[in-house]
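The block underneath contains the structure these notes are about, expressed in C-alpha cells.
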Amino acid sequence: MIVILQADVTEGSPEYRQILDYLANKPNIATRVHREVGTIRSVTEIYLIGDTMALDKAEIESIPGVERVVRISEDYRVVGRHHDDTRPTGFEYNGVRFDQDNLHVFAGLCAADTPEHAEKMLRALREHGQACTRMGAYKPRTSPYAFQGHGKRCLPWVFELAGKYGIKVIAMEITHDSHIDEIRAALEQTGRPTGVMLQIGTRNTQNFELLKCVGRQSEFPILLKRGFGITLEESLNAVEYVASEGNRKIVFGLRGMKTNMGDPHRNFVDFAHVPVVKRLTRMPVCIDPSHSVGSRERSPEGILDVFHVAAQGVIAGANMILVDFHPAPAKALVDGPQALTLEELPYFLEDVAIARAAYEQRRALARRFVSKN
Amino acid sequence: MIVILQADVTEGSPEYRQILDYLANKPNIATRVHREVGTIRSVTEIYLIGDTMALDKAEIESIPGVERVVRISEDYRVVGRHHDDTRPTGFEYNGVRFDQDNLHVFAGLCAADTPEHAEKMLRALREHGQACTRMGAYKPRTSPYAFQGHGKRCLPWVFELAGKYGIKVIAMEITHDSHIDEIRAALEQTGRPTGVMLQIGTRNTQNFELLKCVGRQSEFPILLKRGFGITLEESLNAVEYVASEGNRKIVFGLRGMKTNMGDPHRNFVDFAHVPVVKRLTRMPVCIDPSHSVGSRERSPEGILDVFHVAAQGVIAGANMILVDFHPAPAKALVDGPQALTLEELPYFLEDVAIARAAYEQRRALARRFVSKN
Amino acid sequence: MIVILQADVTEGSPEYRQILDYLANKPNIATRVHREVGTIRSVTEIYLIGDTMALDKAEIESIPGVERVVRISEDYRVVGRHHDDTRPTGFEYNGVRFDQDNLHVFAGLCAADTPEHAEKMLRALREHGQACTRMGAYKPRTSPYAFQGHGKRCLPWVFELAGKYGIKVIAMEITHDSHIDEIRAALEQTGRPTGVMLQIGTRNTQNFELLKCVGRQSEFPILLKRGFGITLEESLNAVEYVASEGNRKIVFGLRGMKTNMGDPHRNFVDFAHVPVVKRLTRMPVCIDPSHSVGSRERSPEGILDVFHVAAQGVIAGANMILVDFHPAPAKALVDGPQALTLEELPYFLEDVAIARAAYEQRRALARRFVSKN
Amino acid sequence: MIVILQADVTEGSPEYRQILDYLANKPNIATRVHREVGTIRSVTEIYLIGDTMALDKAEIESIPGVERVVRISEDYRVVGRHHDDTRPTGFEYNGVRFDQDNLHVFAGLCAADTPEHAEKMLRALREHGQACTRMGAYKPRTSPYAFQGHGKRCLPWVFELAGKYGIKVIAMEITHDSHIDEIRAALEQTGRPTGVMLQIGTRNTQNFELLKCVGRQSEFPILLKRGFGITLEESLNAVEYVASEGNRKIVFGLRGMKTNMGDPHRNFVDFAHVPVVKRLTRMPVCIDPSHSVGSRERSPEGILDVFHVAAQGVIAGANMILVDFHPAPAKALVDGPQALTLEELPYFLEDVAIARAAYEQRRALARRFVSKN
C-alpha cells in the first residue's frame, strides 16, 4: 500500500508526524518513506509493508495531509503501474527527458577502443543531431581471455570527447559497484562534460548487490537489461531491488532471450514485450537490436535485420534504442560483425523515424477509435 | 543442383530427351522433373539428387535447351533461395496473388461455430473490402474432451456463405489427409463458390505423412505453420516434404513459440523471423498475432497487444495475417478471449495499413540508400 | 467421474440397465462405457462426462451393481491416477506383462536396414535372454532427402526373423494410420510369429488423428513418446486422445527435450520425470537413452553417457528401455553414431541390472522407513 | 599450452630462469605461472597465451626442467581436461578431500534462521557421521521484499555451532566480495572452528567481478553453480574466470535449468550432465536435488522426487550433494516446502548409499569390460 502525501506536507511537519504515528500503531506494518523530487513538484510516498490487507483505505485517506492511497499488489511495488494509478512515468537527466512517450537513439561504440574511433563516432552523432550515445568501458565477456574493455583508464578521454561533441548522456555498462565511484571521479576530474546512464547487463540482472548499489545513489539514471533464462516477471522483480533503495530513474531494456529457437539470430528477439512492460510498469522501455540480431544479414529488400527489429520495437512504442556502430567494424575489439558503419547512421535514423511516425499515427488512431466507441 | 530449361523446351522435345539422356549417364545421380506452370510463362526444372559435386555446371549449361544451372545447398532444395537465384516468389490462387511483396489479411473465425456467426463475420469482411478469411472446421485441441470443430458437416454452409460474400480464399486447418477429400467434395457439391488454403498447424509441422499428402495435390495452396519446440531450420526442412512432392504454392506461417519466456503472452512472438524466412526461402510469410498473444491486454496507449505485434510483423514485410475475430467473443467455442470484435475490424485494418505504408516507405528508403552507396 | 461396476455385472444384465437408466435421467451427463478385459477378472467402467459436479457420489455407490465411484479431475481422465484410485497399472501383451513395477529392455536396430543386420541383432538378443526388441520400418526424418526406412516391404522378413529368435514384442514407430493395416497384414501373412508395440514418435505426439486411430484398435499396445516443445501436461493430455478411444495398453516414453540447454547431449535428458509420470498416471514409463544422448561420448570412468542416463532412469523406476544397437554402427543408415555394438549388449544388460537392483533396494528401504514412521 | 615443470624445478632455479627466458623470446606469447601446492608434491605450471600454434611442443619438452607440455584448446584452459592430460582432479580443504572419485553430502539449512534450528540440524548431522553442511547467511531472493538471510550477524553463532558439532566444511552462498571478508573475520573472531566453501549461486554465475574476487583468494574453495539461461559451455567458461585468477579449488554445481519444460519440478533436472562435466573438466561435480525439484511430491512407491533425482546424480558419479533439511519445515523462512525433516536424514543417507554402491559396481564393471575388450 502506498500513502501519497499532499505536496505541502514535508518531513517534520505536524501532519507528517501524525500520519506516521497513526501507522506506527498498526500491528505488523513497516513503513518506508520515499521522496520523489521533481522539477515542478515533489511528492512524499510512504510504502507500507506487511499485513496491509487489514488496513482501511478510506480511513487513511481521511487523515489530514494524505492525498491518496494506492493499494498495490505484491509484485513491482515501486515501479509497477497499479490500479487507479495515474502517476507520471519517466524522469529527466542532464537536460534529457526519458518517459513512456518519447524516443531516444543511443547509437555508439559497443566498447570504447581507441580515441580515434570514439571521436569519429561522436562527430558523426553531432552531425546528425544526436545527444545520446553508448560507449562501454567495462565489458563482461563469456571468456576471461577475451578483451574486457579498457576500464577506468578510458573514462577521461571518453567523457571529454563526449562533451566536445555535445553528448548529454552516455549509456555505459558497469559490472561492479566500484565502477560507480570510478565514473563519478572521472566526471569530476574532467569537469562534468557529459552525463552517464549506468547500464546493468543481462548477466547481472539478478546480481542483487549491484542493483542495491545503483539504487542507493541518486546521481545517475539506470538502464537495467532483462536477464536471460528468467521470466519477464523475474526481471521486473529485479528492478524493484533498484527502486526500493530509492532511485527510480530506471529504463528497462529488452535485448533478446538466449535460446536456439531464435536462430539464426543471436538471441530470440523479444520486442513484442515493449507494450507489456509499459503496461505493467511506469518505466520507459529500451530495445537493443544489435545484440538481439548479432549479424549483418539482410532481407531480400536489402534491409538489415538489425533495422527490421529496431523498426518492430519502435512501431510498438519503444522509448530508447541502443545500437552498435563502428567507424571500422573489422577492427572492433567487441561485436564487430553486428556493428553498423558511420555511413549507415543517417539511413538508420531515417528508418527509425519512419517507424516512429507510424507509431504516432497508430496512437492517434487508437484515441480516435476509443473516443468513437 | 537444379537444371532450369529454356521456356520452349517441353517434355518430349529432342532437347529435353538429350538433356535427360546426358544426366542418365552420370553415376549416382537421380533426377526429378518439376514443371512450374505460370500465367505468363512456364518453366521446367530438373532436380538432380546424389553426387552432384562431381558434375560440371558449365558443361551442363552448354547443352542446348538448358537456360541455367543453380547449385543448391543440401537444405531447402526446393523452397530455398539459392545463390544466383533470381526466380520469382509466390503464386496465384483463385484470382489472388501471394508473394513476398504484397499483403493479405485473413480475418475470420478461429472455428466455424454457427451459420449466424459466420454470416455476420463474412458480411463485415465484404463491407470492408476483404477477399480472404480464416474459418476452421477441424480444430486440434490439447484435450480430447474440448470442442474439436464441426468437421465436414459445416463445410457446405461455410463455402456457400463465403461465396455469397465474395470471399476468394478461406484458410482452413486440416489434420488428416481425408480432410482434403472432404473439402474437395464439399466445394464441388456447392459449385466451387470460394477457394481454400489448406493450413497445417503447429502440432503437425513434422507430421510428414500429412505434408506429403498436401504436397501431392496441386489444387489447393498450403499454409504451413512453424512447429513449436523445433528450430526454424527444422521447420523449413518440413516445408521441403511438401515441396518435394510437387506442390510449391506454400506460405510459411509464424505463430509464436511455446516457452514461458514469452509470458504473459501465450507464446513467444517470433515475428523478427519474417525477414529471415524471406531471405532463406522464396515463400510468402504469414503471421498469426492472435495465437501468439492469446489475450486482449492492451498497452497504456490503449492499443491491444494483438495490434502491436501485427504491426511489428507488417513493418518488417509480412505478407499475410491470420487474425481471429468473432461477432460475440464470449460465445466463441474456441479461443474467445483473444478474438477481436466486428466493431474492431475497420480499426484493425487501418492500423495494419499504417504499418504497411511504413514498410513500403522503408523499402523505398533502402533502395535510395543502396543506390547512393 | 468413473462408475466402476462389480465384476459380475455384465452388459445387458438388469443391474447394468438400471445403472444406465439412472444416469440417462441426469441432465447434461454423457456416458461412455469401457470394458477392461483382464486374465483374472474383467471390469466395466462407465465414464461420465459433463456436469458431474452435480452428481452425488454416495447415491450412485448405493445403486446395486456399482462397486465404487471415483471422482476425477478434468485432466488425464482415463490414464490419470486419481485420488482414492487403487486400480492396477499396466497390461499384458503376447505373454509379456507391462506395468509400473517391472522392467523390459527393448534393444535393437533403430531402423531395419538389411536382413543380415537384423538377424545378427536378434540372435544376440536371444543369446542374452531378451524377448523384446526395437526395429523400425517407418522412419520420420527431418529432411525428406534422408533415408525414410524400408516401409512395409521389410515387415515380412522382420517378423519372420523375430519369430525365429523368440522375440515376443517389437517396438515399431508408425507415422500414418495405414501403417497399422500394413503391420496387421504382414503379421497375418507370416503367421503371427511375433507381436508389435506401435510407437508414436515425438513429432506426432499431437497428431491427434493418428492418436485416435491407434486408440480405436485394441490389438496392439502403444508406446507414446513425449512431444518436444510442449509441457509434460500437454503430452499427457495427448495420451488421453488414445485412451479415450478405448485402447489403454499404453506406455509413455521419455526421450529428452530439444533445447540447447542440453548440449552437448542431443536432447536435454528428462528422466527425472520418470517418477512424475508414474505419480500422475497409471502408465508404465519408458526411457530412450540413445536418442536423448545421441553420441558415444564417455565419462572419465570409461562409461558411456548412454549407459549413465539409462542407469539414471532405471534407478528411479523406469519400466522399459528403448536402446539402439547395431552390428556395424558405421554402416547404419540411421543414427549410427549413437548405436551400441553387439559386444556391448551383455555389458549394457549387466549395467542396467545393477541400477535395477539398486532401485529395488530403494523401494524396499522406502517401505521400511514408512512403516517405521 | 601448458608447460609443466619437473617437481624439483623451483622459482629462481637456473632451469626455471632458462625456461622463462626461452619463452620470453617467442613473439606474441604471454606467460602466466601457476604453482599448485599439494600435500605430497607441488607442481609449477606455466600457461602460455597467444600465438601458441607456432610453438614446437617437442622442442620445449627437450628443455631441461620441463616435465611435459600439454596443448590445450581455447576453452576451459585452466579447468579443462585436455588431450593427454592425466593430471589429478580435485583438492583438499580443512581435512576433507574433494575430487572426481568420492562423494560428500552437504545436508543442512537452506538459510540459517535461528540458533535453535541450526543446533538441532548440526547435532543430527554429527549423530549420523557427517562432516559437511550447507547453511546460508546471504540469500539472494527474487523479490527484494522477501527475507534475505541474516547476513554477517549470524556468522559467529553459525561457525561456533558448526565447530561444536565437528563440521569441517560449510557451503555458504555469497553475493558480494565483501562477504568474503566478513566470513574471514568471523572465522578468525571465533577461532576457526570450521571451514567454509564459498558458493556462487545461479544468479551470479556470470557476475565476473565476483568470480574474479573469489578466484584471487586462495583460502576458501569455491562451489560455482551452473547459470540458468546459458549453455553448459558458457557456465564452464565462467569457471575460467575463477581459475585463471589462481584459485583452482572449484566444485561445479548442477541445480536444474529454469524452463517450464521441467514442470511440475521447479527446474528441469540436469543431472545427466554429471558425466559430461567430469569429462570436459577436472572438477568434482555437485548436485542440488532440493532446488531442482522444489517440492515434497513422491512417486507411487512412496519415494520423494528429491530422493529419486539425488539417486540419479549419484549413480552417474556425482561427488557432492547439497540438500535442504529443516527441523521444522513449516517454520523455515526460505524454501520450506522442499526441505526434508531431521527424521528423514538417516533414510536419505541410506538411500544415497545404495545409489553410491551401485555407481561403484558400475565403475568396476566398466573396468572389467574394458580390460576384456
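Going in written order, the chains are labelled A, B, C and D, and every chain counts its residues from 1.
As a convention for this text, contacts are C-beta pairs under 8 Å (C-beta built on N, C-alpha and C of every residue); 3 or more make two chains touch, one makes a residue touch a chain.
What you are looking at is a predicted structure, and each value in this text was computed from that prediction instead of being measured.
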_Which chain has its C-alpha centroid farthest away from the centroid of subunit B?_
D
*Look at the interfaces A-C and A-D and say which one is made up of more C-beta pairs in contact.*
A-D
*Would you mind pulling out the distance in Å between where the CA atoms of subunit A average out and where those of subunit D do?*
36
*Between subunit C and subunit D, what is the separation of their C-alpha centroids in Å?*
39
*At what distance in angstrom does the C-alpha mean of subunit C lie from that of subunit A?*
51
*Any chance you could list the residues of subunit A touching two or more other chains?*
231, 257, 259-260
*Taking touching chains as linked, do they make an open path (line), a single closed cycle (ring), a hub with spokes (star), an all-linked set (complete), or other?*
complete
*Flag every residue of subunit A that touches subunit B in the complex, lowest number first.*
81, 100, 231-233, 257, 259-265, 268-276, 278-279, 292-293, 297-303, 305, 307-309, 311-313, 315-317, 343-344, 347, 350-351, 354-355, 357-358, 361-363, 365-367, 369-370, 373
_Of all residues in subunit B, those that touch subunit C in their complex_ = 49, 74-75, 77, 140-145, 175-176, 203-204, 206-210, 227-231, 234, 237-238, 240-241, 244, 257-258
*Which residues, counting only subunit B, touch subunit D once they are in their complex?*
259-260
